[in-house]
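Both of the next two complexes hold chain A, though its partner changes from chain B to chain C.
This part shows the complex of A and B:
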C-alpha cells in the first residue's frame, strides 16, 4: 500500500496530467490555425456544382455540428472531452463520413507492425554491434565495422529509402514498389497474405533498420567506451576475468539502463508513424494518414493521431519509471 | 629471501596529440626487491611515479604506459618468471592466486549492479575454476569472518555499504585466494582517519597470518611508520633511498628523505617545520645529474653533472646522494 502511495500513484497522476495537457494543446493548435475546414469543404462542394445559397447555408450548419465547431472555444472543448472519453474522435473531414477512429484503426496495424519490428531489430543489432566494437575497439574487424556504419549512418532516411527503392524495386525488381500487401489478397492468417506482407514490408523496414541501427550503434559504442574506463571494469580486467564475462556482466549491464529507456521511448513514438518512410514506399500507415491530413486541413485526424502519439509516449515513460528499480538496484522505489 | 626482483625498470607514458609526442618518464631506471614475509612501503609525493612503479611490478602495462627497459622476476616455487614477458594466459594462471592487487580506497571497484557475492564468485570462478557452490560459500564466509567482516555484506549491493566497508570488502576480495604477494595502491586514500586505522590493522593482520609479502604505496608517511618493515623513497621517477623503516625514520640520509621525515608532526612539538623549497622537476624533461639538486641546500658541482646511483652505505641501507655516500663512508 505504501509502495503504491509513495511510488506508483504519483507516477500515474503524472501520466494523467501529461496526457491531459498534451491533448489540450492538440485541441487548441488546429483551432487557432488559419485553416477553416468548413469553408474548405463547402468550396470543394460548390466547385462540384452546388450553387443554391440556402442549401450551402444549411450545409454549413450541419458541418459545424459534425465537426464540433459550434459554440465558444470552451463549449467546444468540453464537448471534445465528453466525446473523447467515449472513444469518439469525430468524423474525418476529408474522408467524410468515416470516423477518425476507424481511419486510424485501419492504418495502425501496418504502422505498428512495420515500426515495432524495425525498432526492436535495430535496437538489438545496434547494441550487439556497438558493444562488441566498443569493447574490442583495437581489433581489425571492429575498425572495419565501425567505418562501414559511420558511412551508412549519416545518410538521410529519405535518400536511403529512395536508394533501396531504386535498387531493389526498379533495377533489380525483387520487391514491390508500394503498398503493404498485394492487391486483392484477402487479409487472414494464411501463407499467401503473410508472405505478401513480409515482401511489401521488407524495404521500408530495411531502410529504417539501417539508419536507426547506425544511431544505436554509435550511442552504444560511446556508452561502452565510457563504462570501460570506470573503476570496476578496470579492476575486473586487472584481475584477469575472462573478457567475455567482463563485456557482458560488467560493461553491457551498465549500459542497459539508458538504452532501455531509449527503447521504450522509441516504442512509444511508434504511434506517430514513420512519415517519410511510409510516404516514399506508399505504405498505408499512420504517417501517411497524418501527411494527408496536414496537407488537407483534416484536423480531426491530426488531433486523433497526435493523441495516440501522446498516450503512447506517456505510457512508455510510465512503464520505464515503474520498471527501473528492477533493472538497476541503485534506483529504489521512493 | 627475494620473492620479486625488479631490475632496471624504465616505463614511460608516451602520448601523441596533434602529432606532438610527449614522454613522461614516470619510472626511470628503478631496481627494487621484495622479500618474502615483509611489508615494503613505497613513499613519495604525488606524481613521482610510485603508482606507476607498482603497476609495472604487478605486470600491467597498458598504453599509454610503455615498458622501455627492464625485467620483473617473480619466484614461483623453484621457477623464476619474468612477469613482463608472460603471455596473458600464463599470467592469468598466477594472478590472484599468487599476486594480487588492492586499488585505491576512493575507487568504486565493485560492480555496482552485482551483489557482492556475485563479484566474489566472478573472481574465484576465474582463478579457481571447478569450485563448487558449497566450497565457494565456505571459502568466502570463512575468509570474511577471519577479517572480521559480517557475512551479510555478501547479499548487499556496493552502494549499500559505507566507504570503509567497501574498502574492507575489496581487501577481502584481493586476498581471498591467499596470494603470496599483494600490491596495495594507496589503499587508505579518501578514507577518514578512524577507518584508515582499521584498514591498516586489517592489512597488517592479513600479512602476519599468511606470512606473505605486501607492497604498499602511499604518500602518507604516518602509514608507512605504522605498517612498513622496509621503505623505499621515490623522487621524480627514481628511488633515492631504501632502508628498513627504523633507519628511514631514525637515520635518514638523503636530503629529500630528511625533509619528509622532519615534516611529520609530533605531539607536543611546536617548532616550525621547514619545507623543501621549490618543486620537483618535470618528468617530461628530467634534468641531468641529481634530480633533487635544485631544492637541495648542500648541492655541489658534481650533483649537476652526474647522476648519483643508489649505493649501499650500510646494512640494507641504500641511498642515491653524493653527500650521503661520503658521510656514510666517514661514519664507518
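This part shows the complex of A and C:
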C-alpha cells in the first residue's frame, strides 16, 4: 500500500471530519443556549422607546428574516452549509448587515501579529531557559532562574497585564495604555506607524510571553531531566564529550519533537484570540470580537471565529502528523 | 570577544532608545493641542467604526450621536426642561390627535453647507417607513399615513390613528428619530446597507478621524457651529476637539484619569472611584464629597417578581419579601450609601423627588397591610433616610443636620424592616417553618427562590447579594443565577425566573417620561402579557391587573399635559405599591467623574446646568459650557 493511502489519506479524512464535527458543534451550541439575538435586538429597541406591541411583532418578523433564523434547526443548518461552502459566513446579527468575514478580517491581522510573535518568542525563551536550567540544575544561577520563573508562572493573565500597565504605563509612563497604534497615525509601511505598532504591542506581548514562557520552561526542564538519565547521554558524558555539545546535540535535540508538536498546536490556536490580554490592553483582536459576540448572542460571529480556530488547530495537527515521519524515523517505521 | 559583546550592548541600547523615542506615547496627534481637546470615555468599543448609519443597529450611536446628529426636541434629564432643538416650537396637534404639525427652525445647516429644511425631515420619515429593519421603521409605518412639507420649515404628519404622544419618537432621552440629510440619502439604493461614511453632520462637530479598530474617534468643532442647535441654544462653541477613547476595564480608566489623559468618564465602581479621587485631587463626581455619585439618571433598581410563579403570585408573599429586607443595610453595606431609596417604581431623582416622591408621602404613611384578625400594619418608614445619615456620620462623612437636606440626599423613606410582620403574612397563607427555622411552602416542601442577575450591572448584582443574604437570614433558601446580558434578557422576556435583580423600569428610552408616566405604565397593560415560555418584552413580570389596564387606557387617550393625568398616575402608583408587584429599592447612580485639570464647568450638584450623562444624545448640551482651565 502506498504511503499516501496508508498514512496521508486517513489523516486528511480525519482532518475533514474534525472540521465538519467542530463546525457543526459551534453551529448548534449557541442555538441551543438561552441566547436569542432577535429578542436582544428587540429588547435594545424597546428600551429606547419602541412601545407599540404591533410594531414590536412586525419588527420581530423582519429581524427573523434578516438574521436568517427562519425555519427549523435542520433547515437553518443546511442553509448555513450552503453559504459556508461558498465562503459566506453571513452577516453579523448585532452589527447587521456587516458581513462576518469583514468583522473578522479587521481583527485578524492584529491577533496574528500579536500572538504569532508572543507564541514563538515564549516558545524559544521557554525552551532555551528550560534546557539550561534542566541541564545545569546544580548551578546557583539555574536555581535562581528556576525560582523566579516559578514565581511568575502562576500569576493570572489579568493581574500580570495590569501589573505591567501599572508599572510601565502609569508609574513610569513609557508605554501607552490602550490600542494597537497611536491616535492619528496613518497605517502604512513607514517608521512612525511600525514603531507605534511595536510600542503598543510591547506590553501585551510581554504579558503573554511572561506567562506562557513559564509553562514551556517547566515542560522543557522536565523533558531535559528525563533525557539526561538516558543511556546515550550517560555514554556521551563518560566519553568526555564537551558539555555544550552534549546539551545541544544529545539532550536538546531529543526534546525537540514534543515541543515542536506543542508549538504547532499553539500556533494553530492563535485564531481564537487572547481575550484577557486584548481586553486589558484594548487590543483589537479576535478574542474581543468573540467575547462581544457571545455576550450579545451574535450567532454568526461566534460560528465564524470558531471556524477559524477549528480549522487552525486541525490544520496544525494535520501538518504535524504529516511531518512526523520526516522528523522521527520511528514514526515512519510504525 | 569582549569587543563583540560591547558592540552588541551598544546596538541593544541604541535600539531601545530609538524605540522609546518613537512618538507612540503621545496620545494625541501633534497637530491637536491637548489644551484644546476634551478627552471623553467612549463607553464601549465601536464594533463597526466606519459605519455611521445609526438609523440601523450596525451603526453605533452611543457617545457619537451627541456630536453629529440631531432631532426635534429634548428633555433635559437633570432639570426636566423641554428643549426645542431642530423644531422651533412644541408639536401642534389637531383636536383628535390624528395630525401633528412641526415648525422647524430656520438657519440650521448641515456640515457640507446645505441648509436644513422640511424636505430633510420628510425624506427621513419616508426612508424609515419604506425600509423594515431600520430603527423606528415599524412604528413609523404603523402610525404615519402621510408626511408632507407644508413649506421649507413646516412639516405635517397625518397619522393612521389618534396618538397624543406621537412626538415622543422625536424627543430625546437616549435618542430620537435622527434627521437625515435628504440631499445625501434620497439617492441611496439600499439604506439598510449604506454606511453614511463620512457622515454629514447636523451637530456642532464633524468627524475628523476614526480608529479602524473602533477604540477612538476625534471630532472637530465646526467652523459654522453657530448654525447648529447647540450653537443657537447655548451661544457658545465648546471644545475645539473631542477625542472619545475606550480604555476597557475600570483600572485603566483610573490610571488614565490619574495621569490626566481622560477628562470625563461614564462610571466606575465604588472602589475604583475611591482609588481615583485619592490619586487625582482634581477628579470628582456630581458631588464634591460624599455621596459623590450622580443619582439623577431616570431609572431604578428593582427586584422584579414573576407574578406567574407560585407563591410569588400572592400579594402577601411579595410584601413579606419586602418587609424581610433591611434597606438601610442594603443601601449602605452593598451600595456604599451613595444613592436614594425609592418606595415607588420611579427614580428618586431631583425632579421626581419634587413631583412624585414627596407628593406621595402622605398616602405612603397611611398605607396599611391587613394581617388578618383585624390587625393592620403600617409598613412605611420615613426614618430610613435619617438612619442612613447616621451610618454615614459613623463613617466620618459630613452630613447636614437639616431634615429636608437629608431627605434630598437619601430619599423620602422605604419599608420597615419587619421580619415579624413578614412571618405573619406568610403564616396566614399557610407557610410554616421547619425545625431549623427554614420556611416551608403550604404543601410542606422547602421554599426556594432563585434570583437572576447580570454581574456587569454592578449595583444590580450587589443588591441581589444583599437580598440573598437577608432572605436567607429570614429562612428562605435563595440562590443567585449569574447570567451574562443576553441570556439574562432572554430569561426575563420568556418569564424563566422567580425574581430578577433588574432595571429599566422607569419608562425606557422615551424622553417624556420625566413629565408623563405613560411610557412606563403602559408596559404593564395586559395586552403585553404572555404566558411563561412566550416572549413579553415589556411586561416580563407578567402582571395582569384590570385596575392597571383601566388607568392605562384612560391615560392613553389623554395628552400628557391634561389636568387629569397626575391623579391617574397617583392612582396607578398606589395600586402598584399596595400589590407590591415589584420591590423597587434604590435609584440609579453613576460615578460620572471628571478631571478639572484641563477643562472646568462640568455640570455638578452646585452647578447643574445640563445633564452630565454625555453618552446620551442630550449630552450635547453640556459641551458648549465647558471652559478651559488655562493649565
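The rule we apply is simple: the second predicted complex is superposed on the first by the 316 of 334 C-alpha atoms of A that agree within 3 Å, B and C clash if a C-alpha of one lies under 4 Å from a C-alpha of the other, contacts with A are read in each partner's own complex, and residues count from 1 in each chain.
In the analysis below, contacts are C-beta pairs under 8 Å (C-beta built on N, C-alpha and C of every residue); 3 or more make two chains touch, one makes a residue touch a chain.
What you see is a predicted model, and the numbers here were worked out from it, not measured in a lab.
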{"item": "Side-by-side fit of chain B and chain C on chain A, or clash", "value": "fit"}
{"item": "Which of chain B and chain C A:239 touches, first, second, both or neither", "value": "first"}
{"item": "Residues of chain A touched, compared between chain B and chain C (which is higher)", "value": "C"}
{"item": "Partner chain in contact with A:131 - chain B first, chain C second, else both or neither", "value": "neither"}
{"item": "Touching partner for A:42 - first (chain B), second (chain C), both, neither", "value": "second"}
{"item": "First, second, both or neither for A:185, with chain B first and chain C second", "value": "second"}
{"item": "A:119 touches, of chain B and chain C: first, second, both or neither?", "value": "neither"}
{"item": "First, second, both or neither for A:280, with chain B first and chain C second", "value": "second"}
{"item": "First, second, both or neither for A:294, with chain B first and chain C second", "value": "second"}
{"item": "Nearest Cα pair across chain B and chain C, whole Å", "value": "24"}
{"item": "Chain B/chain C common contact set on chain A", "value": "none"}
{"item": "Chain A contact footprint on chain C (complex, rising order)", "value": "19-20, 22-29, 31-32, 45, 47-48, 51, 56-58, 132-133, 135-139, 141-143, 168-169, 173-175, 192-193, 209, 211-216, 218, 243, 245-249, 251-252, 255-256, 258-259, 261, 484-487, 489-491, 493, 496, 504, 508-510, 519, 522-523, 527-528, 535, 537-538"}
{"item": "List of chain B residues in touch with chain A within their complex", "value": "58, 60, 88, 91-92, 95-96, 101, 103, 107-114, 122-123, 126-127, 157, 159"}
{"item": "Footprint of chain C on chain A - complex, ascending", "value": "33-37, 39-56, 58-59, 62-63, 66, 92, 94-98, 103, 106-107, 110, 162, 165-166, 169-170, 173-185, 187, 191-192, 195-196, 198-200, 279-282, 284, 288-289, 292, 294-297"}
{"item": "Touching residues on chain A, where the partner in the complex is chain B", "value": "230-232, 234-236, 238-242, 245, 249-250, 253-254, 328-330"}
